[in-house]
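Think of it as A, B, C and D in the order they're written, each chain with its own count starting at 1.
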Amino acid sequence: MADPMKIRANVVGDSTEVKVLMNHEMETGQRKDAQGKTIPAWFIQNVTATYNGKTVLAAQWGPAVAKNPFLAFKFKGGAKGEKVQITWTDNRGDKRTDEATIA
Amino acid sequence: MNQIRWRLAAGVAGVALATFAAHAPGQGSTVDEIAKYRAALQDGNPAELWEARGEELWKRPRGPKNVSLERCDLGLGPGVVKGAYAQLPRFFSDANRVMDLETRLLYCMTTDQGMTDADARKQLFGNGNDRKSDMEAIVAYVTSESKGVKMNVALDDAHVREMYALGERMFYFRGGPHDFSCATCHGEDGKRIRLQDLPNLTTKEGAQKAYTTWPAYRVSQGEVRTFQWRLYDCFRQQRFPELVYGSDASIALTTFLARNANGAAFDAPAIKR
Amino acid sequence: MRISTCMTWIAVAAAAVGCATTPSDSEVNAKAAQMLKASFREAGQAKLDRLDQDDTQRTCSLYAGKALPKDVAARIEAANLATIRYPADGKLVGDWKNGEKIAQEGRGKQFSDDPKGPVGANCYACHQLAPQELSYGTIGPSLYRFGRTRGFTDETRKYAYGKVYNADAFAACSNMPRFGHSGILTDAQIRDVVALLVDPDSPVNK
Amino acid sequence: MDVKRRKLLKQGGGVTLLALVTAAGWAVPSAAVAQTWNKDAFDTHSLDETVKALGATAPVPSKDVTFVSTPDIAENGAVVPIGIVSNVPKTEAIAILVEKNPNMLAAVFDIPAGTDPSLSTRIKMGQSSNVYALVKADGKYYVASKEIKVTLGGCGG
């Protein structure tokens, strides 16, 4: 079970700044364990951010995104008290959605 | 335990250094650029993920007695977390022992929550998502509640005073095949290993800077490591045998360093290479 | 009690140290030694005997952070000088290319390391050597142009071999491991590291 | 075009970049198909292959695409902070490519209208390498590159 994300959303000027930390191994599929067996790839493939039902960012990731990924972006508008929603899906089909209130 | 990781890290280092040496700029700009690298990491510390999980673990009823750690006394009264870490280690009369945070948590898990010692120690160092460490998460949470609080370890108690004196001896103890002591690397100003700056832990400024920035999210490991781990891994590199988690030697050294950091604002969990 | 502690101290510690420290100091020291044994457990190749100090380690620990008296330093240096074994065939200089590898290698003797090796000297952790390597430490002095500065002489070669073999013979309580004396490096490895320092073709001397 | 090529070579360095310029058609996923994952592009092992898989048209080196808060040297390749800002009007997508990684493509971001064409993330780098920021704006393609060196220190293995 994946742990919750840590999402911060703050109004900066006429935009909302979003910073997200995700709990994920982001295993590359290149590493070997002590027995010399390849550790299978396990990584987030898709990230979507929505505000008021509208997609404000959509990403495709490969395993080269660092472990416990960090993502920061900004979108125009966004009102204090409203919510930003982030969803990720990984290559095992695991999915996690969290939201944060814009401050 | 972390053998795979260490070996991999060493392999990467070899390749990277070779490339690096071939076309790197001068030494001065190297140091500047690494400072920039560290600065760029400050915004968005994955340790926050550990803090959140730790808070949940602190408040969740666990163990055979099905109680939360909220009755655990970290020195400021049962359940008081705010500022507690800045005054540790201290003497706990219920345990008749000087304890650092990690040792105190093990005590609370076994006495209050009724866990066996083995259960409480099951995953002291986390290793990936399949082997997460509850201890590292709880410590991340508790220490985060001392952010900005000035370090204030008291030596009024004779037990703590003795631990401090023992910690100082430990700091200068040379041993193992390499004759290393803590002081070998941490006894002078302005030294570094490879490009890694070494704090001089014999000075107030050095101890303050080092002690107030642990625990830390180690980007090299993708894990939050606590001060117990810091000591454990220093001794590994000193070529000593394995430091027992929560042992008197670990508490003595922690007492020595924490006390020397008195007066500085605590600033962790941090993020380090 | 105080007297007996002090006497025990003399018995176990180097006579050089004597009763210079206060009795309470040696009591703390004895307690520290006891605590140490209870606080570590053997792991991999690192057994508990690694906590048993020899005279040099014990004396250096005691004086760490303080000024080392001249006579104590002289005694430590003499004792360590006596341990140096130069190769029987008189060959002190090996292959600098291999020496560079040994100087780069950080593994060896840690409980996490494979006991079968590799074991390196990790020179770059503390010293500047070949100028191409920018990732070097500063705990020890720069050794860039070591041979060129000191001259490509028998004397330089002998000093380099001895220094790597047992650094405490030349500077009491040095931070540098006693690579030969403590069995960290083989004679062949020491020769290669010496080559890195003194071979005119080594990048260290370019 | 020749001038552009030479400029590009100077900027990014290396023969592979020439291939980048001559490749055609970069298929950027649209927000509407956000849940798809371009396996072909992520499986590529060289810049040539990646560009082919993305099907990009010749990207033009652009001073309007910049790296911000991105160090020249990463102390640890496991976490390399990358910040990219595109000042090209109508930026629709930004991709991060690492020349010497086993898989070239690190990430692709769709930038819907109303979202700032600037973002920060962290990637892994196996060794020192050129990193490319590829931008799609108004149907055209732009590129900027930056060399990032990777080092590691420490006293043991």
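Here, contacts are C-beta pairs under 8 Å (C-beta built on N, C-alpha and C of every residue); 3 or more make two chains touch, one makes a residue touch a chain.
What you are looking at is a predicted structure, and each value in this text was computed from that prediction instead of being measured.
Engineer: So which chain ends up closest to the centre of the protein, judged by Cα positions averaged per chain?
Structural biologist: Answer by centroid distance: B.
Engineer: By the contact definition above, name the pair with the higher C-beta contact count: B-D or B-C.
Structural biologist: B-C
Engineer: Using mean C-alpha positions as chain centres, tell me how far chain C is from chain D in Å, no decimals.
Structural biologist: 48
Engineer: Would you mind pulling out the distance in Å between where the CA atoms of chain B average out and where those of chain D do?
Structural biologist: Here chain B and chain D have centroids separated by 37 Å.
Engineer: Measuring from the mean C-alpha position of chain B to the mean C-alpha position of chain C, what distance in angstrom results?
Structural biologist: So the centre of chain B lies 28 Å away from the centre of chain C.
Engineer: Where the CA atoms of chain A average out and where those of chain D average out, how many Å apart are those spots?
Structural biologist: Here chain A and chain D have centroids separated by 19 Å.
Engineer: By residue number and range, which residues of chain D touch two or more other chains?
Structural biologist: Residues 78-79, 120, 122, 151, 153-157.
Engineer: Of all the residues in chain C, which ones touch at least 2 other chains?
Structural biologist: Residues 106-107, 110, 112, 125, 135 of chain C touch two or more partner chains.
Engineer: What positions in chain B touch 2 or more of the other chains?
Structural biologist: 3, 6, 10, 13, 17, 20, 24, 30, 43, 185, 192-196, 219, 222, 236-237
Engineer: Please give the residue numbers of chain B that touch chain D in the complex, ascending.
Structural biologist: Residue list for chain B touching chain D: 6-7, 9-10, 12-13, 15-17, 19-20, 23-25, 29-30, 33-34, 36-38, 40-41, 43, 185, 192-196, 219-220, 222, 236-237, 273.
Engineer: Looking at the complex, which residues from chain D come into contact with chain A?
Structural biologist: It is residues 29, 31, 34-38, 42, 78-80, 98, 101-103, 105-112, 114-116, 118-125 of chain D that touch chain A.
Engineer: Within the complex, which stretch of chain B touches chain A?
Structural biologist: Contact set of chain B toward chain A: 3-4, 8, 43-46, 48-49, 52-53, 128-129, 217, 219, 222.
Engineer: Help me check something: in the complex, which residues belonging to chain D touch chain B?
Structural biologist: That would be residues 69-79, 81, 83, 120, 122, 126-128, 149-157 of chain D.
Engineer: Any idea which chain B residues touch chain C in the complex?
Structural biologist: Touching chain C: residues 2-3, 6, 10, 13-14, 17, 20-22, 24, 27, 30, 162, 165-166, 169-170, 172-181, 183-185, 187-188, 190-196, 198, 202, 235-237, 239-244, 247-250, 252 of chain B.
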